[in-house]
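Remarks on the structure that follows.
Per-chain numbering from 1; labels A, B and C assigned in written order.
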Amino acid sequence: MSLQFLLDGVIAGSMIGLGAIGVTLTYSILRFSNFAHGDFMAWGAYAALAVVGALGGSTALKPLSFGLPLLVALVVAMALTALLALVLDWLLFARLRARGQSIIVVMASFGASMALRSLLEFIFTSRPTYFSRAIQMATPLGLGIKITADQVALLLLTLVLVVGMHLFMAHSQRGREMRAYSQNPALAKVVGIDVAAVVRATWVIGAALACASGVMVGVLVQIRPLMGLSLLLPMFAAAILGGIGSVRGAVLGGLIIGLSEAAAVQFVGAEWRQAVAFVILMAVLLIRPIGLFGVAER
Amino acid sequence: MIDLLGYGAFFLSTALIFGLIALGLNLQWGLTGLFNVGIAGFVAIGAYSSAILTSPDTPDRIGGFGWPIVAGWLAAALITAGAAAFTGYATLRLKADYLAITTFGVAVVVQLVALNAQGLTGGPFGVAFIPRPFASVQDQAVLFNFANLGVIAVVTLAAYLALERLSRSPWGRVLRALREDERAAIALGKSAQSYRIQAFAVGGAVMGLAGAVQAHFIGFIAPDNYLPTLTFQVWAMLMVGGSGSNRGALLGSIVVWAIWVGSGTVTASLVPQDWQARAASLQIVAIGVMLCLILLWRPQGFFGPRRRQ
Amino acid sequence: MILQVKGLIAGYEPGLSIVKGASIHAAEGEIVVILGPNGAGKSSLIKAIAGLVPVTGGQVLLDGRDITAVPAHLMVRQGLAFVPQTENIFPLMTVEENLRVSGGILPRSGVSPRIAEMYEAFPDLARQRALMAGSLSGGQRQMLAVARALIVRPRVLMLDEPSAGLSPKLVAQVFAQLQEIRSRGLTIVLVEQNARAALAIGDRAYVLVEGREAHEGKAKTLWDDPIIAELYLGHRRAS
């Protein structure tokens, strides 16, 4: 039996995990589940596509399918997606948050998600598109597993982003402030933490990582307006499985869900892949709702 | 002229079915404050339940039970109530957002089952030959449309009156108290959770019934009928009408459906062929933006009685 | 006069003020105690001074500057630190992280030396620097909360019932610590239920009734005043 599905699962899990970091931070700091988070992914991928198009030239760094333009585009797109999130917060979420009913904010994110996604369909149509149509050679690793250069590069990128994120949360002052604010918003004010800056940082980080995840999906699979929506349930499930507020939990949860999905594709059938996240979500909610690294609410 | 009348009846029938779904949502959200993002899934459960129980036997698919239409409708309501009750049981002791995420998941999974469990749902081809009320007059379009409108109107009216009574009953007062006073909810503890599960299940039953009524009105269902757009539309209807008000839910449904159909007709006639799909997505953008604007500026909606602050 | 509060009116809901025109002051290096029956608005008064309860009237001056409208998170920059009664530490962060996150307004290079100073003043905390703050005992939590407030070198330290929930022995420890802090020139404003312990270390005291100060006096005199003792301090003199 080929163990290829393990690698596929790790790759899918990395993308889910990157997205789930934003979900878990938004939930623990801004206190709502953001249904528009998947659309940050899609917008990020399309933004990168637009920047690549504007930069022109297809100077792929062999054996990768992409070159410097995509890396530049990734950075620019991450900034643009962060900007989108900040604008959305300023126009919509901040105003509703101030009224204090978090479920209304969830509903607004739901409306925003629909508008954002359909706006992509309007601009780019629902037809899938690609960063590159080049066929890549896969190198055998043994045990029936083959890996492409793109996959290696993007797994490394994920590793860099996740480690960077961990260091930021653990050792930077802003990271500490974000954790402090998620534990006790009132006390955070008393000790002099600038809440507005914490909120901004949360949006910027969540959106930028969602964008990175979206670009990865775009490179390895395809770009389409619905790409974020179809990853929304796995991202929520990963964040809850990992324990809300926990960055390492979100990443681990993403990997578990990615691997389970790949196993389901291998042993049950590809058409049931999307049900995996739901089954895991229900199991977590019924058995251990605080997740792997979660802490009981006071 | 006759055509127009027939179309009017058809339009109103569809709008009232949406109204029925919105009534179910109003019980869940307007009265109890439970956020359901998986409306399409619950409607589909009702539609498929009744369709499978009443449609004739087909090779490759379970069926041929030959139940009468009304029995199918009741079963649809019961089965959907069960699904909603389980969803509520799993999530309502947790944070409010978990219910939203789970209902979203329910819709995803129902869509998957509809598409892939061919032996149960017929897969992408759906279920056909669902018995229609007054099938004997099917070739007289106007009469048929009006007869069906009559049935749908009676079902909707019955649901409306029942929900009005429920919301004024002691049961309804408890739900309202739970929504408005978190301390009361905490004081009630476990039984607060049970009240919420009941409300979610009854709301789900109404949605399932609406799905069944629609399935029998059209005579044919397929997974495409139950995409997330349906959920968005019903939310827009309730928010326009005014959440908390059953009358608002019905009026909002008619108005939003009129806007939806109207804007669709206008774009179809004005926009060139190859831009039609794009124009359709712009329609959805408009609903999303409208939902956000209502939340920002007119959270009480337009047709409901003014709620005291 | 380092802290001056003039006719402060404050409350959570408009038209429903809890603090109804309270005026208090504190001189440099003084320990001022605020006493009063339950529901008198003691806690709301210092929360309003700290910017945590909306103020609808009156004035708060810190060293002559008007800080009435300063948002809560900027109060530490003005030199005013506050220790809430409960939930006054971040339970899922280590002791050291609690101190570090509270030192945000210090220059970056100044944080670690300042934490070292805190460890010197609170040796218990130094031993437990790597522990999760949530696992500390009640007395140690209170110490951490005080250290956390002091790290930014405030000029005025306000505490909301630091003795609540502590054993008499720990209360004595915490209050001894407060005296020690005052001896270094800090001004302390203390809201307390435990009148005996608070008046024992206080210089001056106010008795707050229905959102206003009803009596003011030297801590020692107030303790000996039989009418006040009976009315508000909840103890009756035998003699």
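Heads up, the rule we're going with is that a residue touches a chain if its C-beta (ideal position, glycine included) is under 8 Å from a C-beta of that chain, and two chains touch if they have at least 3 such contacts.
Since this is a predicted model, take the numbers as computed values, not measurements.
A.B. asks: Counting only C-beta pairs in contact, which chains form the busiest pair?
C.D. replies: Top-ranked chain pair by contacting C-beta pairs: A-B.
A.B. asks: Can you identify the chain nearest the overall CA centroid, using each chain's own CA centroid?
C.D. replies: Answer for the innermost chain: A.
A.B. asks: What whole-Å value do you get for the distance between chain A and chain C if each is reduced to the mean of its CA atoms?
C.D. replies: Each chain reduced to its C-alpha mean, chain A and chain C end up 43 Å apart.
A.B. asks: Report the inter-centroid distance (CA atoms only) between chain B and chain C in whole Å.
C.D. replies: Comparing mean C-alpha positions, chain C is 56 Å from chain B.
A.B. asks: How many angstrom between the C-alpha centroids of chain B and chain A?
C.D. replies: 31
A.B. asks: Can you list every residue of chain C that touches 2 or more other chains, as numbers and ranges?
C.D. replies: Touching at least two other chains: none.
A.B. asks: At least two other chains touched by the same residue of chain B: list those residues.
C.D. replies: none
A.B. asks: Quick check on chain A: which residues sit in contact with 2+ other chains?
C.D. replies: none
A.B. asks: Name, in rising order, each residue of chain C that touches chain A in their complex.
C.D. replies: Touching chain A: residues 50, 52, 71-77, 82, 84, 87-93, 97, 100-102, 104-105, 148-149, 152 of chain C.
A.B. asks: Mind listing the chain A positions that touch chain C in their complex?
C.D. replies: 173, 176-177, 179-180, 183-184, 186-195, 295, 298
A.B. asks: Applying the document's contact rule, which stretches of chain A touch chain B when the two form their complex?
C.D. replies: By the definition above, chain A touches chain B via 27, 32-33, 35, 92, 95-96, 102-104, 106-108, 110-119, 121-122, 125-126, 229, 232-233, 236-237, 240, 269, 271-272, 274-275, 277-278, 281-282, 285-286, 289, 297.
A.B. asks: Once bound in the complex, which stretches of chain B touch chain A?
C.D. replies: On the chain B side, the touching residues are 33, 35, 37, 90-91, 94-98, 100-102, 104-106, 108-109, 112, 115-116, 228, 232, 235, 277-278, 281-285, 287-292, 295-296, 299.
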